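Take a look at these structures.
The following pair of complexes shares a single chain, subunit A, combined with subunit B in the former and subunit C in the latter.
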Partner chain A sequence: MLAYVVRRTLYVVPVVLGVTLITFILFNIVGGNPVYQKLGKHGSASEIKILTHEMGLDLPLTQQYLFYLKQCVTFDFGRSWSTNQEISSMIKAGIGPSLSLAVPAFTASVLLSIFVALGLAFFRNSIIDRLLVVTSLGGISISLLVYIIFFQYTLSYKLGVFPISGYDTSWSGRWEYLILPGIIWVITSLGNEVLLYRTIILDEIFQDYVRTARAKGLSEKVVLFKHVLKNAMIPIITNVVLEIPFLYTGSLLLENFFGIPGLGGMTVQALANSDFPVIKTMTYVGSLLYVLFNLLSDLSYALVDPRIELD
Partner chain B sequence: MEKPSIGLWEEAAQRFFKNKLAVVCLIIIGFYSLLALLAWFGLIASDYSVTTPESYAAPSKAHIFGTDIFGRDVLMRTVQGVRIAISIGLVTSLIAIPIGVFLGALAGYFGGRVDELIVWFYTTMDSIPDLLKIISLTFVLGRGLMSVYISIGFTTWVNLCRLVRGEFLKHKSRDYVHAASALGASHLRKMFIHILPNVFHIILINFSSRFILGIKTEVVLSYLGLGVEPGQPSWGIMIDDAKLELPRGVWWQLAAATFAMFFLVLAFYILTDALREALDPKLRNKT
Partner chain C sequence: MVGGDRFMRRYFIRFSIFFLTVVTLGGCSNNKGDSRFDNYVHEAIVANVKGFDPVVSGEDLYSGIVMGQVYESLLQYNYLERPTHVEPNLADGMPQISKDGTLYTFKIKKGVYFNDDPCFKATSGKGRELEARDFIYSWKRSADPKTHSDTFWMFDGKVKGMTEWRDAASKTGVTDYSLPIEGLSAPEKYTLQIKLNKPTPLFLYYMTMTGSVALPHELAEFYGPELQNHPVGTGPYKFRSWTRNAEIIFDRNPHYREAYYPSKGEESDKANGLLNDAGKRLPLNDGVVFTEVVETQPRWLNFRKGVYDWIDIPKDNFDSIVKNGELVDELKNQGVVLTKWIDPDLTFEGLNMEDPVIGKNKYLRQAMSMAVDTSELIEKFYNGRAIAAQGPIPPTLIGYDPKRIDPYRQFNLEKAKELLKKAGYPGGKGLLELVYEINSGGVYRQMTEFFQQEMAKIGIKIRINMNTWPEFLEKTKARKAQIFGLAWSADYPDAENYLQLFYSKNASPGPNNSNYNNPEFDKLYEKASIMLDSPERNKLYQKMVDLVVEDCPYIFDVHRKPHILTHGWFKNYKRNFIILNYIKYYRIDVAEKAALRRKL
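Our next item is the complex of A and B:
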């Protein structure tokens, strides 16, 4: 067990190195010369030379990569090209608004979808089950963008139930602005999650222990909510843990559309401004979080489920 | 895929065609593909970029879905959108499926160092969240349909690769592969002539599901200003335009693109599910 924990933990190192290598290749080699990007079309030869030197682009690629690696380890990512702020302080400022939107919306959608999925498993193959499965499929066949445009237009613009966009940094003032994006978040993630959890629960229903439980005369309710739910929680929790790192960008589209000054909105802004270092940093930090939560999920999986082979 | 496996595929086909809903979806997808093909050859909706003075004309007999800001016919643009949507699914599959299958086959078949290297590579790729990966790639490549193809194609092979690797791992020690070795078959022959047909169902399921991903991603990319060039008749551009049109009461462009996308994506969801049920042996005997 300990050997597995150590081995699995150490595997983080080559993967994170791989991520830095891919982002480096993408932004520093495929992306073309950032000096031209930054100066635009009107840079003079001397300006180009000075900036190239300032950005360390006249150094060999290996040294540039080592410099980037140092940034990644020390979390000092330099400054944004468009706002000239420290990127690390931009991230600190953005994480609050992002989490204020993401945490309540994500929690609500997970709980609601587990609840619905259990209901569907209970009524499996009935009309209700089929109807809700088709509704879920239909729901996820519409683009997130359509939901945002439609709800913002009808509920905010036409009916004035919610503010159209904006944000208040005070703790109590922000929620007014987060309700509608939160609702859209829940609606748009519900379909996918209900279908996924339903499959997970139905997978359990065909296991032998369920047959045993039924054979000894337990009611379907007890079988489902006590036996099946407990076992289905393992894959469900794994899935939830793996989704947590994605909360850090909140939702790119929702934040941008509703003017929430979080990390998602910041990323979209950076795209619009061709802000290389910000996008590179967001990609790296997002990946780092994913790697860490993946580790967490694997380790807890091994702890909880003795059937997992550790080799 | 010759004689020995015909029974398997026939059985799968029977299971598939019993599912009426799946057949309907297949017909819908066929219809869309036909539209895409006709639009591709310029036989229908070829006047999609012709501007007229009738800006934002409401739906009428002349323009069933009305016109857009430049007086262009929305129905024709929606049909051209089908062409772009289908082409994204096809081209990205042509990029991602060979990568996923080839790397997965190598890793599963040879194991050892090769396997470690490939697993490391796809774990690393997988660690970068999909949207950030696709956004970064389109961002550095610049806007346009070609960037959309490349960025989706080169970033979405990981799932398939992992599945193919798992299957090759299982199959490489089966009797039929040993028999092929005894007959002197080369590694490549065993991998791609003997084992590959037995994992073909995974590729088929993946192929169907890729259209969903491609079509949805195109919309997001277009909103972020990274997708198809503006003015091109993609559904993403049409939906993105709608955010300024709705307050003026212009709903038809949003409605046309949304419905066109809805039926195609829904059909692919149901088709993918039906294929999985018909082809995946793990799901058999479960109802």
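Our next item is the complex of A and C:
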């Protein structure tokens, strides 16, 4: 097990190198020149030259890339080119709102989709099953933007059930602003996950051990939760764990429409402003998280299923 | 299976009840409104604010608006009179200007204090009194190469010795603030003298701008780069909090100096209730909550619910709200008021005069200009909320001629085709595809497609190239863009602000992005730039416009007409985008607000 973990940890190096290289190349091809934006409409040629030099943009590309790698190792990404804020403080400020929305919504969507999928698998081929499968397919086909516009208009504006938008930084005050975006998050992710988990559970429900369990006279509750669900957990865990790294950037559209000052909006703003220090930090941290959770996902197989050995 | 069915039914029902309870309880505790700040102005800002450093973000409109409530400059614009004009703000009266127009002497108001802040260590956090040297320090920051200021253009080449001071700092890599600048001195505590290289009448306008505000040296020394997050000024408001990309709150400055609501305005101001608060002490409210709302729908819905006090009607909502130029009854009954005015701005297609195809062929540019149907553009993309531009100078600015007709901005396809033939491209034959660079996002794509269709009518093929804003800037500033779409909002109320867009010494990376170079224009521009407002100067302005109209370095599109909705409780709204310190004039009728919000 330890050897496996060490080996997988070493894989991080080429993966992260690849990510940093691609990010760097993309920025230099399509990123635009941030100097012009920083200096505004009156920037002179000499000011452009000075700032280009100070930002290190006149250095050879290899040197710029090595500097980027040094930052990755030291975790010191400096300041944003656009807002002049320390990137660490930007992330610190944005991660709370992003996770406050993402974690409860993600947890609820996972639990709810497993619950619905179990139900559909139980009532397979019934009217309920067909209706919910069609609904799920329909749900997937509708853009997130449509849900946002519809629910914000009806539930918040017309019915006044939720605030239209806004955010309160206090721990207790933020939740009222997060419920509606959270519900929309759950609804939009439900379709995909229900269909996937239903298929996974249906694969299990026809297995011999399930028939044996029923033949032994076990209750449906025990069959579903103790036998079927446990065996269906491996693909479910894979799916869930691999989605976790994406939570830290929140959801751009939800954050923008509901005024949540999270990392999703911050990243998109950085892209629009060619704010490379922020872009590279977000991609680097994102890639690290992805690799880490990939490893955790593999390790969790062994925990869930004793038949799996990692070597 | 029957037992299983019962179990699953219970399972579904229990889970559904739990889910619905969570949602309902969450929802029921909501929508309490924003009663915390009833006597505060609530304003939605349509873009994210960059920061509070006047020399770093001074040119960013939205940062300028928020800073305008905390920081103050020597002069300000009159709030009610039109055309607006400069008047004293921190200056104790208008400056004395030497006969040759190069020496300005400002007396600073006494007894003006900076907001309390921990940066004032010597006074244990109590704000100290403003002195003339604070301006010198603040302007040196603008010249300091290390700040990468976007406001240095205001002083560059204008204030004696300032460019040299900056160059020396750039050369040595060390900025020594103790080194004097020849053109800046404080002979007394409350006297500031500014020596200019040549007469610059527009300098008075610069003294109203964000880049010229007073900032205490203690602030920069205490916070360093974090100054971006901590404004400390002398203004009517003091900083309370900023949740980046969400909300900025300023409270009334309890120590704000004596300043009063104006007693004079335009003729219509009295009838519109804009003089009801004449002579009252400012600010007229307890503070301001700026909410950064990039998306249109939440901005609109929050206005309709009474969260924000005013809004520029979104394009998609316009037709259902305004019928025949009037507000619909539903909104009138809710006490909502519609205000319209012409914004001193200009939207245009820039044509790169250094481009070997477009830049060298005047007839081609004239043909393109004549082929754009501006009235259709106004209907399709502005809901009629704009007027066709007949040159670069927008209405309301000194130098605007309302009678001017641009012969090449009269939509006429036949004439456009004739001009195209004269250009050597009959029916567009022989002309390669032209490239139109635009900033991606918003309605720019559709507007450019409209331009593409208009050009196709005379046989000109246009390829649209979408860019991020930095890419777009790089192309225009590096003179690589062939055609580009832009807008320019006035920095000050003088036509010079638009004419400088055609001065050859301002060519890219300066603001002359079409790289227009006409020695005759330059000569006139240089002559006019040292003249005071006068009929003679206006004649020079008109001659410059004649040249630009004939040469067509721009296809002039429109001057926009904002249509603003305000709630009935929101008093004294009169806007001009040049005026940034406007919040202090607004009054909230709290009782009326409570009554009207019940109707929303």
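We take it that the second predicted complex is superposed on the first by the 257 of 311 C-alpha atoms of A that agree within 3 Å, B and C clash if a C-alpha of one lies under 4 Å from a C-alpha of the other, contacts with A are read in each partner's own complex, and residues count from 1 in each chain.
To be clear about the criterion, a residue touches a chain if its C-beta (ideal position, glycine included) is under 8 Å from a C-beta of that chain, and two chains touch if they have at least 3 such contacts.
What you are looking at is a predicted structure, and each value in this text was computed from that prediction instead of being measured.
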Check your understanding: For A:138, is the partner it touches subunit B (first), subunit C (second), both, or none of the two (neither)?
Key -> first
Exercise for review: Could you tell me if A:146 is touching subunit B, subunit C, both of them or neither one (first, second, both, neither)?
Suggested key: first
Practice item. Figure out whether A:44 sits in contact with subunit B (first) or subunit C (second), or with both, or with neither. Key: second
Review point. Between subunit B (first) and subunit C (second), which, if any, makes contact with A:157: first, second, both or neither?
Key: both
Check your understanding: Can A:272 be said to touch subunit B (first), subunit C (second), both, or neither?
Key -> both
Exercise for review: Considering only the touch criterion stated at the top, classify A:240 as touching first (subunit B), second (subunit C), both, or neither.
Suggested key: neither
Review point. Counting only touches as set out at the top, which of subunit B and subunit C does A:287 meet: first, second, both, neither?
Key: first
Review point. For A:14, is the partner it touches subunit B (first), subunit C (second), both, or none of the two (neither)?
Key: first
Exercise for review: Based on the superposed arrangement, let me know which partner A:32 touches: subunit B (first), subunit C (second), both, or neither?
Suggested key: both
Check your understanding: Can you pull the subunit A residues that subunit B and subunit C both touch?
Key -> 30-32, 149, 153, 157, 271-272, 274
Practice item. Would you pull the subunit C residues touching subunit A in the complex into a rising list? Key: 1, 3-4, 7-8, 11-12, 15, 19, 23, 26-31, 48, 50-51, 53, 56, 59-60, 145, 148, 150-153, 156, 170, 225, 228-229, 243-247, 291-295, 297-298, 301-302, 304-305, 307, 467-474, 477-478, 509-511
Study note, to complete from the structure: subunit C partner, complex, touching residues on subunit A are 30-34, 36-48, 50-51, 54, 79, 82-85, 90, 93-94, 112, 115, 119, 122-123, 149, 152-153, 155-157, 160-167, 169, 175-176, 179-180, 183, 219-221, 256-261, 265-266, 269, 271-274
Point to revise | List of subunit A residues in touch with subunit B within their complex | key: 14-16, 18-19, 21-23, 26-27, 30-32, 125, 137-138, 140-146, 149-150, 153, 157, 202, 206, 245-246, 249, 252-253, 267-268, 271-272, 274, 279-280, 282-283, 286-287, 290-291, 294
Study note, to complete from the structure: In the complex, the residues of subunit B that touch subunit A are 120-121, 123-125, 127-129, 131-133, 135-137, 139-141, 216, 219-220, 223-226, 236, 239-240, 242-243, 246-247, 254, 258, 261-263, 265-266, 269-270, 286-287
